[in-house]
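Some structures to go through are shown next.
Across the two complexes that follow, chain A remains constant while its partner is chain B and subsequently chain C.
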Partner chain A sequence: MKLTGRLKNVSQEKIVFTITLVMFAVFALTLDGFIGTSNLLALLRSVAVLGILGLGMLIVVLGRGIDLSMVANMAISVAWTIQLVGTGMPLWAALAIGLGFALGMSLITGILVAFAEIPAIFATLAMGTFIYGFGRAHLITGTDVVYLPSNFGWASQIGQGRLLGIPIPIILAAILAAVVYLFLRFSKHGWNTYNIGDNTQASRITGIAVRPTIVLQYMLSGTAAYLAGLITATAVQSMNTRMVNSNMIYDVILIVVLGGVSLSGGRGSVRNVMVGTLLIGVLVNGMTIMDIQYTIQNVIKSLILLLAIVADSVINPRDEQTGQQGDI
Partner chain B sequence: MTLKKLGKLALMTVASISVAGGALAQEPNDPFRDPAIESLEGKWIAYLPISAGFDLAQAWGGVVKEESERYGMKFTVQDPNWSTDAMAQGMTSLIAEQPDVIVTQNPDTQSLARLMMQANRAGITVIQMNMQGAVQTDAYVGPDYIDMGRKIAERAIEQCGEGTDTSHKISIVQGVITGGVSYFQVQGIMDVLKDREDIEIVSSQAADWDASKARAITETVLQQHPDLCAVLDMWDGQAIGTGAAVKQAGLADSVTVITSGGGAGSTCDLIRDDTFDIVYNYDAPGMGRDAWTAIMIALQNGGGGNSKTQIFSPTHIMTKDNVDQASCWDAEIYASRLR
Partner chain C sequence: MTTPVVELRNVTKEFHGNPAVKGVTFELHAGEIHSLLGENGAGKSTLTKMVAGVHEPTGGEVRYLGKKVEFSSPQEALENGIAMVFQETSLIPSLTVAQNLELGNEKFLTRLRGLWISAQQFLQSLSFEVDPTALVSTLGAAQKQMVEIARAVRHNAKVIIFDEPTATLTPEEKYHFFKLVNRLKDEGVSIVFISHALEEALTISDRITILRDGEHVITDEVKAFDRDKIIGHMVGRSLSNELYGETKVQARQSRPAGKRMLSVQNLSMGSIVRNTSFSIFSGQVTGVFGLVGSGRTETFKIIAGVLKRDFFHGGEVRLSGRPVRYRVPRPAIRDGIVYVTEDRKVEGFFETKSIAQNIYSGLLGADLNQKSVISYSEMAELAKVWTDRLNVKTIDNDSKVIELSGGNQQKVVLAKALVQKPKLIILDEPTRGVDVGAIAEIHEVINELANAGLPVVMISSYLPEILALSDRVLVSRLGRVVEEFSIEEASEEKIMYAAVH
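So, the complex of A and B:
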């Protein structure tokens, strides 16, 4: 009783951050080469894409939504971009069309959620399937892997290049984190995102343009998806549309929730996403160095997630005040 | 010559002409062709690969489809899009619909084993492509992966073994651990390497046929072992990530990337740009031809698991030196044939 009283102010974010630090220390002491600069850069590099997707998801989740169509949107829009360049379209035009596609799809998603008032989980689930199906049937009709043509030019540096020795994906993730932070902290729409997530009805009564703001949230997550897709594709010189079938979208939700962002909206910040991303990065990197099989890695990953959630519910038990309607 | 004799002669002439005429109206005299054509004509081939959207499956299906249409057969294709569940469902409904032949590809050794046995019992001919399941049916068509694994290991020894000026370190990137292609190749590799003191396997992990995962694994392995000598990756579609990690670490010259695949044009391009060093090519259109051969053999011999054959497809090694002479096929041609 006394213990929980003293730990009252320990949030899930702090618990996860502590776990991350402990693991970091253990790996640093026990694994050769873990602490080296190049390994730490590789660690960050490997979770940069996840982090960018997490930032997009954060904006939507703060507005009490969820975007399950992110991975499909990213795969198809970027695969189409690459295919267009391969068939001879100028790079800038192909990039613009790909971004336009990603934005167009997330616009439709936003309208479905905000104006048609379909619950986000269903609207985005259906949109994800639609984007993938439409893309495979009409855009990427050949092989489901689209290879990067040699005339992809400077854009291939997005995933492969380095600036001052730091891989560009890390820099892009950091920039995006700063932009999202500024957006949420200082812009009107950012504030309104929190308000809508906290209490949609009250936001509407106080005169916030709820529906357009929700549409904007989905379009921002669409932009993040496109950027993450460009990094993924240029890093491995191909876009594999098969990734839509993977559990990547759960990994994105995992880092968002793990860091302490509430799925019921209105609570969380960029810092939470960063903490969640770092935990996964340290964990996966350490386990790869230890040569632990991928399937076992998944088991350990989910055990750590459960540990974080259990710790949170012991320290911050749900009651009428903390529990919200729609809390999952 | 009497009148009687003359009449006889005339009769014989008429008879011989009519015999000759009758012979002319017949087909060219190949008594074996008709039964063969009959065994094929009007039959239904159902194609159920794990996905109809990747280069290997498109090449196999494209070749079999073209040949089957030549002989007036019906060809249908189902695309489970990498979902084992959808594949099992597709197989179940196919067994109920009773096609004559099912050409399939096991996602792993177990998932379809029972269903394939059931199909055989229902008299359906079952051809397994590339990924062998736990049961033997009419035919398995694909390279001898265990042998290929051994050859790859020997190649690795050649590059990194005793007597070479290297660290003798190699890493292995598996696919889906239980998938036939990965499972048997790794078995062959370990067969050769387990008794070798000179080779050190620093990492052996599964990337689930995902290039991004392969990239992340190899990047970390290279951080730990920048002096790595070779990486063995079980499939070129995944090895593109492995090769990218090696290349982006600036180690393309010192780390040998060895992989295997169906020899599509994209693979040849990756050999040319130094992403891959050595590729075991099992020529997917050639496998399509082997599959068609297997279908003909099965249908002309009763099918339905009457005879069981392992048809090992030929392989050859591609490196930068011979890639320009190799037949690098365009996946798009077969994809459009399959549509």
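So, the complex of A and C:
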């Protein structure tokens, strides 16, 4: 009785965090070079982009939405920025135009979801395809891959630079996590995001500006996508627009869900995303050191996700009360 | 004395160590209608769910037809002849009536035509006028209830448990329902009837059992009870007079009408609200009575911006003489029109949030917060003030609203609306699903608001409540306000007459 009583308080977040710690300990003991500073920084560095995308996704998911257009938005807006710089436009202007494009696209997405009331999953799926198609047809000429020109200047430090020995992507991800935390906890819009995800009808009747808040959520995820894109492009000196067709967006959803954010909205926080991101980081890093094939890595990742979900449903079984409202 | 059909001996049910039912003994005889009454949370549903196999008792035993039984699922109970008709229907809306009747024993291959015919014959034999080929989603509440009952009968149920069957029914549908229940009784079926409507229980039952806080209070023949006695047993004190007593209604003086706060002209929305016109005055409670489907809720939702009136010829709403038209509730709230919903779970509170967070959300929604960022100290203070004022019973204000009883939930929803400093407050069924003790407290708050000079609109389907609180009564029928009474001239008969004719 006492044991189940104690287990009752175990959330999925705690399960995932425990799994992460256990794996970390096992890798630290068994793998050479895992515990070294350089490897740990590499570990964090490798998931910084995913974490930033996850933070953007978190805001949308908390408001009972989902943004499947993030990767397309990030690839095309950044590829366009790079190309504009390559054609001789001043760096700041190109960055502003790229950000403007990302914001403009997410504004359209937000309007489709909030005002036209198209379910988020369809609206963002279609917008993702539209952004990619439009970008490839009219913005990015030539190849799939846009290479970073030499005059990219200080901005190339975003992906490659270090501050006090810490890679800048990690610092940016940490800053963004702090900003999103403060936004969700202390701003009215953040508070309303939770309310809308919890009960949209009640939010409306309470006088919350539901639709503008939803649009804001998508614009914030668009901003996160642009930042993530800049890091990716400057780190590898190019932006491969084909990444839109990869399964990256599922990885983003994976870390959000894994950490215990509810897809039905209203439940979750920055901490959940950080836990999910760390698990994937430790797992992928460990498997890479062990030299496990990429395809096998995917299998293991998915098994871990299933394990976390099963553990959650065993420890927190759905009773009549919670069963009323299904996920998604 | 014959053996009872169902017998509960000293049963107890605990949820996470909290007893919901404590050592209750209960007998149901063949061919009787047995009402189960009690406040919210008294354990009525839990008790019957143990009979129907939804819950297993943690102590005591359930005996059925003289033998000890342990049903592990409602399915098993149904196969043995115990059917439970739940509050929220368990039909599948996207299937037809006939398919729903067949639910649970479908064959591998189904011939629809044969299914229609047998369902039609079966429904005819019960004299239910429901089209077996209609989708359940197109049916009204009473017809859904009929299908549920038909399903129970089809399984040759010997015991049928109704959990608040009449809450969603109109008076006409109720009449059909009671006729049906009586016919089932004549056929020897034993019926357990859970209800909040005491008059219904008094007219229909043979015996009545009253529970309080999970414990058995009394079981007796219906003759031994009247309204006051039942309420007395339910709350353990005599509240009836305090709530709806004759003397209180008789002695009431209506508050004089203040200035005209709201005037509505020719308001229309589709076929639900049709050219309705009326006014609301400050400093008094305007009771709005109407049957389900009379458009009373919709009318006031339009005023509060929750619904939109017709674009053309939608009519006019004037707030203190100024014409207003809201597309969303937000500007209405900024103008001081606050609507408190009849369905608090669907559109009232935020279930993942605490009491304090819910109340503070109301403040934020009206932009009345002192600081521009979320202030957790302001929130705690606000919550303390309002939970004290409305007497919300809870261990602390960080408990989730979903964990509270119906009455306390309603108080939180009310507090959330009142912090918005309303200039016109619309309360839609303020005491639906609320226990008797909390009803008195909510009524007190409503009177205080009106005494403080606020225009209060109270929509209610319960006539004694309308008569006990209103200064002015509007009666709505077929989308229009058809009659207006001052409280001195109003009576239950007059109001009901206006509502149905």
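Criterion: the second predicted complex is superposed on the first by the 316 of 328 C-alpha atoms of A that agree within 3 Å, B and C clash if a C-alpha of one lies under 4 Å from a C-alpha of the other, contacts with A are read in each partner's own complex, and residues count from 1 in each chain.
In this text, a contact is a pair of C-beta atoms (placed from the backbone, for glycine too) under 8 Å apart; a residue touches a chain by one contact, two chains touch by 3 or more.
All figures in this text were calculated on a predicted structure; none of them were measured in a lab.
Under the clash rule set out above, the superposition-derived model of chain A with chain B and chain C shows the two partners fitting side by side. Note on chain A: of its two partners chain C and chain B, the one contacting more of its residues is B. In the overlay built on the shared chain, the residue A:Gly266 is in contact with chain C alone; chain B does not reach it. Of the two partner chains placed by superposition, only chain C is touched by A:Ser187; chain B is not.
Contacts of A:Thr295 after superposition on the shared chain: chain B is touched, whereas chain C is not. In the superposition on chain A, A:Gln201 makes contact with chain C only, while chain B stays out of contact range.
Think of it this way: put the two complexes on top of each other by chain A, and the tightest Cα contact between chain B and chain C is 35 Å. Chain A residues in contact with chain B (one complex) as well as with chain C (other complex) do not exist. Partner chain A is touched in their complex by these residues of chain B: 51, 53-55, 58, 81-83, 177, 202-208, 210-213, 215-217, 219-221, 223-224, 237, 240-241, 244, 248, 264, 266, 269-270, 273, 275, 331-332, 335-336, 339.
Taken in their complex, chain A has these residues touching chain B: 32-33, 36, 38-39, 42, 45-46, 49, 136, 141-145, 147, 150, 160, 232, 235-238, 240-243, 245-246, 284-285, 288-289, 291-295. By the touch criterion given at the top, residues 1, 5, 8, 185-188, 190-192, 194-195, 198-199, 201-211, 266-267, 321 of chain A touch chain C in their complex.
Across the complex, chain A is touched by residues 16-17, 304, 306, 328-330, 332-334, 339, 341, 346-353, 361-362, 364-367, 369, 372-374, 402, 416, 420 of chain C.
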